[in-house]
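Before anything else, here's the structure in question.
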Amino acid sequence: MHHLLPLLVAVPLLGAALLAAGGRLVPRFVAQSVACAVAAGTAALAVLLLTHSSPPLTEWAGGWEPVEGHSVGIALTGDGPGLGMAALVSVLTLAALAYSWRSFDEPPHGHAGAFPALVLVFQAGMCGFATAGDLFNAFVWFELMSVVAYALTGHRVEEARAVQGALAFAVVNSLGAYALLMGIGLLYARTGELGLAEIGGALNAHGPPDALVLAGFVLVLTGLLVKAAAVPFQFWLPDAHAVAPTPVCMLLSGVMVELGVFGVWRVYDTVFSGPGGLPAADAERVLTVLGALTAVLGAVMCWHQRHIKRLLAYSTIAHTGLFLLGIGTLTPEGDDGVALYVVGHAGVKAALFACAGILLDRYGSVDEHVLHGRARPLRGVGVLVVVGALGLAGLPPFGTALGKSVAEEAVGGPLTVLYVLASAVTAAAVLRVAARVFLGLGPTPEDAGGEGAADAYETTGTGEEPETRQRLGRVPDTMTVVPALLLAGALAAGAVPAFGTAVARAMSEATSAGLVHTSVHWTPLGVGLGLLSTVLAVALAALAVGRPGLLAAPGWALPLRRLQSGHIGDYVAWLLVGTTVLGALALPGILSG
Amino acid sequence: MTTLTHVLPYLVAAWVFLAGCYGLATSRDLIHAVGCLSVCQAATYVLLLAVGYRDGATAPVFSDLAPGSRPVVDPVVQALALTDVVVGATVTALLLALVVQVAKRHGTVDPDELSELRG
Amino acid sequence: MNGWILAAAVVLAAGLGATLRGVVTGPLRRRAAAQNLSTALACPALLLLAQGYARPAYVDLALVLAVLGPVGTLVFARLLADELADDPPHARTATFTAAALGAAVVVAVSVATGPGRALVKLLVIGALLVGGNLVASRALAGGMQEGRRD
Amino acid sequence: MTEAVIVVALLLVGACATAAVAVRDPVRQSLVLAVLGVVLAVLFTVLQAPDVGLSQLAVGSALTPLLLLLTVRKVRRRAQRAPDGPAGRRGREGGP
Amino acid sequence: MSPRMRLWLVAAGGAGLAALLVAACLDLPRFGGDRHPCGDRAVEASLSRHTANTVASVTFDQRAFDTLGEMSILFAAVLGSVVLLRQTRDEHRARPEPAAVSRPVRRYALLVLPVALLTGLYVVAHGQVSPGGGFQGGVVAATALHLLYLGADYRALERVRPLAPYEAGDALAASAYLVTGLAALLAGSAFLANTLLPYGTFNTLASAGTVPLLNAAIGMEVACAVVVLLAGFLDQAVEIVDEGESGERHDDPGRPGKRERP
């Protein structure tokens, strides 16, 4: 069975190569069917492997089995979390391809296969990263998914914003990738190994951590946190997510960002958690501080957006912060909660982006003020958005709610409050949009014409072009069925009791700490907190719609919004500051050790 | 002198990386910024190859050398650096393609004049 | 003590150091000429290094540089023809010095190699190096276009 | 002796990389980057990595400068010929 | 953010990162040290499979899975560039006027073109034996083709460069790499295992099992990819004109200067 692991990468790549080769010969319909079939096949393979992943699979690419404990080959890790992420990636890819079936713009002449082929390569890169058991191999797949993501983000080259967002995305992520590679170089110099587990073992054999380990940790984490969009590496995310084509947004927000968090978890757990790695207290401090900052910034900025896709992008940042807080506890319960949360969040967020895409294609705008009341006819879509917002808030029995409640109990104390508030605020922002756009509640905003009024530090949602050639008269069924199914999946993740237990078991088998039996189930406290954040979200949204003046952008948020300047130089400067902050946060343990 | 040469390659790599970052952050031209990014990447090659070097050794290529007759340097880092060079070239190309489109749609390649995507 | 490597170090330090200074300062014409010289000097340095390390396999690097170095200069000559047209670079002394150095190094290494297939390769490199260098420097000096040769 | 040549190559790389950052005009920078490619190839040779040196030569000596200059040409052509492009702004000209 | 503010941030962040890196450098094993366990194992493994160029063995055998990723990156970047540099609806193509290149340059270009192509092939073919390989040789060969643009003009290049076969070649070479890997899997071994072919005689072109196959696939992939990539940029720089540009195009950058100075 373990020999099949590399197929998770090879199958989509082969599909992409065939599509690129034959794309100009076949009609668009055939190209899309082939792409969907390949994505579905890979998803099936991932699920099949997932069912056989206990005990975790290990594959040595090229058949280089270790001799005397050492191998010159590349290890692939097929454990629950890795294969789970691969399955999630594949399912979402399938959803994105199905969503783009009817909606997406005519492909460039002679390249009918280019867009589906790129999506398949994206899937391959993400699957490869999820199953990588070798640090350099992880870098290669990391870079592959980045490169494809840049191209996909800038896909609509006629759009000024799309190319600018893609460029900022590309520059910041490339720099992060090079930092990751520098870190790999440092760790290789110390250990002479590239496999994750082998590096960890060699570090432990070397003795207590020193500046080299610290630098390796900081540089590797910089790369991964750039991908995970943690503060202060997050600036690229809203720029890229707001402008990428909708199917791509579903993948970027749904899984790619979460893969950054997954990478942090995997690398810390396998490489740095031993006595030769970074002391637990330091890792906890790093992840908790950055996670809390990310959650706060994401929630505040999310609330102040009127560009709906940008709003959703910031809510992704807020949730990434929550994920980082969860894995920052370094406890099995925190990991379990985050794993479930990621699954639920992927479904909910992808569905919300899909709904935003429908608005864009139907009305040629994603501006909350301009669309005020205009989407009343789209009742079904409105229901989907409201359900998605409730899922985002963590209303039981959504998968998000179950994961959130488990993680909330793991973090404890004031961080639980942060969990409730961040999810409530982001959900409230989405509910506010739903109330205004789909129900036309509240006074009509003054700048509903779409011109002017926006201050210099606000990105409006006007001026976006629909992704279809003409505005859609009727919403194709695929575009509504896909988000509905995704929401159903997110609901099932929490409502099916066996799912949580399976996730918890897979997580415990995968961690280096060994088998720890944790139970994932609904607790009264968890349900209560979930209901609390839902009620808060509804109340906030009602207040914002009913009394817009009361919650209008306060002055204190302006400096925060000014930081998002759209300037690549600023983003790079913040990245440098971020590495320094990471180093400073992790320093105490090294000094005392 | 010898202690300096023992860390000099690493220091050069660190210097090149930081110089590239500085150029990237203060660049007034996106094409220049892409060039600076490739400078950053040059740092990774230098670091990787410096890590694999061994005094008095030669390349692990045995077309004109009997295996075992001379010590050889680490081939693994060379393969990594090779991959890295390819990645660098392709990323540069993709970034330049984006810069071409930015110039078309915004009429400028000065990051200071790109005023979209704020807040 | 290895004389070949010493010679390579001198070529690198003096020659490439000087071209580096040339490519960083001064008007565009000087920079373009310096870029051409850098490949013309690096190629003999690579040959010297191959000889110094006693690794004939390294000669491939010099071969590729001898092929692609002038191509790179032609890229600049072609795409910067506008800028260079008003003020064409003339670096005759430096060009001929570099060409002479290249020829001398090829001859020296050939003598040390002795007859055989390696010698043929070296002579090809020598021809490509000297010819390419002269053509490229001529192209830079405004010889890119018909009727504008000087 | 081998150490001396490594030090020379390292210093050249350091200086060249610094220059590539300090030269702000993209055309001139691409000239410096071409030289940096060659110097890096020499460094890789003295670090006994001819394979990497070859690929650096292949990429750095002609391909990257060609890509950079073609981009510059496209961008400049717009800036010179179209004082009011679609965005209505005049492109800043970075060079002479 | 004001430039001054940004500079302060860069200074602060850069100083922190510099301190971290310098401290790490001082803790690194000294440059030129003798401890390279992974490298020594790789050399051993390479010799056991009759591969003279250890780096090729690492690239195409021991870590062939990395090279698969590397190849996919190139493949994706080319596909992405084709999409990003496509001719949009508001653009049209203008035929470039032929350029007049001086005779020595043209002769040189036509003379060196075959030499460079041969050099590229030579570098690809000897990948498993001497320094070089698919990537290096592929780039050399593809660059050589563009001597036609430098030495003649863009039309001459376009004549030998119908893009469709190159795009197909790029994809098919990528498939060939994957199929070679899958064949090993089907033969009962692991993905990309080098067990299909005999290892041959050390230090000959037919040594090292599947390494030459993968090497050739990469060589073809890279050559085609670079041609397609450069075609995208050349089209943009030479042919494609959008509304912001004047329609009058010439392939010959020196022309205006010439006209101004009769």
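Which chain is which? They are A, B, C, D and E, in the order written, and residues in each are numbered from 1.
Just so we're on the same page, contacts are C-beta pairs under 8 Å (C-beta built on N, C-alpha and C of every residue); 3 or more make two chains touch, one makes a residue touch a chain.
Quick caveat, the model's predicted, so the values are computed rather than measured.
Common partners of chain A and chain C, by the touch rule above, are B, E. In this assembly, A is the chain whose CA centroid lies farthest from the centroid of chain E.
Of all chains, the one whose mean C-alpha position sits at the greatest distance from that of chain C is A.
More C-beta pairs in contact connect the chains of C-D than those of the other pair, out of C-D and C-E. Between chain A and chain B the centroid-to-centroid distance comes to 28 Å (mean Cα coordinates, whole Å).
Averaged C-alpha coordinates give centres for chain A and chain E that are 31 Å from one another. With centres taken as mean Cα positions, chain D sits 11 Å from chain B.
With centres set at the average Cα position, the gap from chain D to chain E is 17 Å.
Among the residues of chain C, those touching two or more other chains are numbered 53, 55, 57-58, 60-61, 64, 68, 71, 75, 79-80. Counting only residues that touch two or more partner chains, chain A has 72, 136, 140, 143, 147, 150-151, 154, 157-158, 160, 186, 188-189, 194, 562, 565, 567, 569-570, 572-573, 575-576.
Multi-chain contact residues of chain D, defined as those touching 2 or more other chains: 2, 22, 48-51, 53-55, 57-59, 62-63, 66-67, 70-74, 78, 82, 84-87. Chain pairs that touch one another, listed by label: A-B, A-E, B-C, B-D, B-E, C-D, C-E, D-E. By the touch criterion given at the top, residues 5-11, 14, 17-18, 21-22, 25-26, 50-55, 59-64, 67, 71-80, 82-83, 85-87, 90-91, 93-94, 96-98, 100-101, 104, 107, 112 of chain B touch chain E in their complex. Contact residues of chain C toward chain B in the complex are 53, 55-58.
Those residues of chain E lying in contact with chain A across their complex are 1, 6, 9-10, 12-17, 19-21, 23-24, 26-29, 35-39, 41-42, 45, 58, 61-66, 68-70, 72-73, 75-77, 79-84, 86-90, 164, 167-168, 170-172, 174-175, 178-179, 181-182, 184-185, 189-195. Here chain D touches chain C in the complex through residues 1-2, 4-5, 8-9, 12, 15-16, 19, 22-23, 27-28, 31-32, 34-35, 38-39, 41-42, 45-46, 48, 50, 53-54, 57-58, 61-62, 65-66, 69-70, 72-73, 95-96, going by the rule given at the top. Only residues 2-3, 6-7, 10-11, 13-14, 17-18, 20-22, 24-26, 29-30, 33, 36, 40, 43-44, 47-52, 55-56, 59, 63-64, 67-68, 71-72, 74-75, 78-79, 82, 84-92, 94 of chain D touch chain B when the two sit together in their complex.
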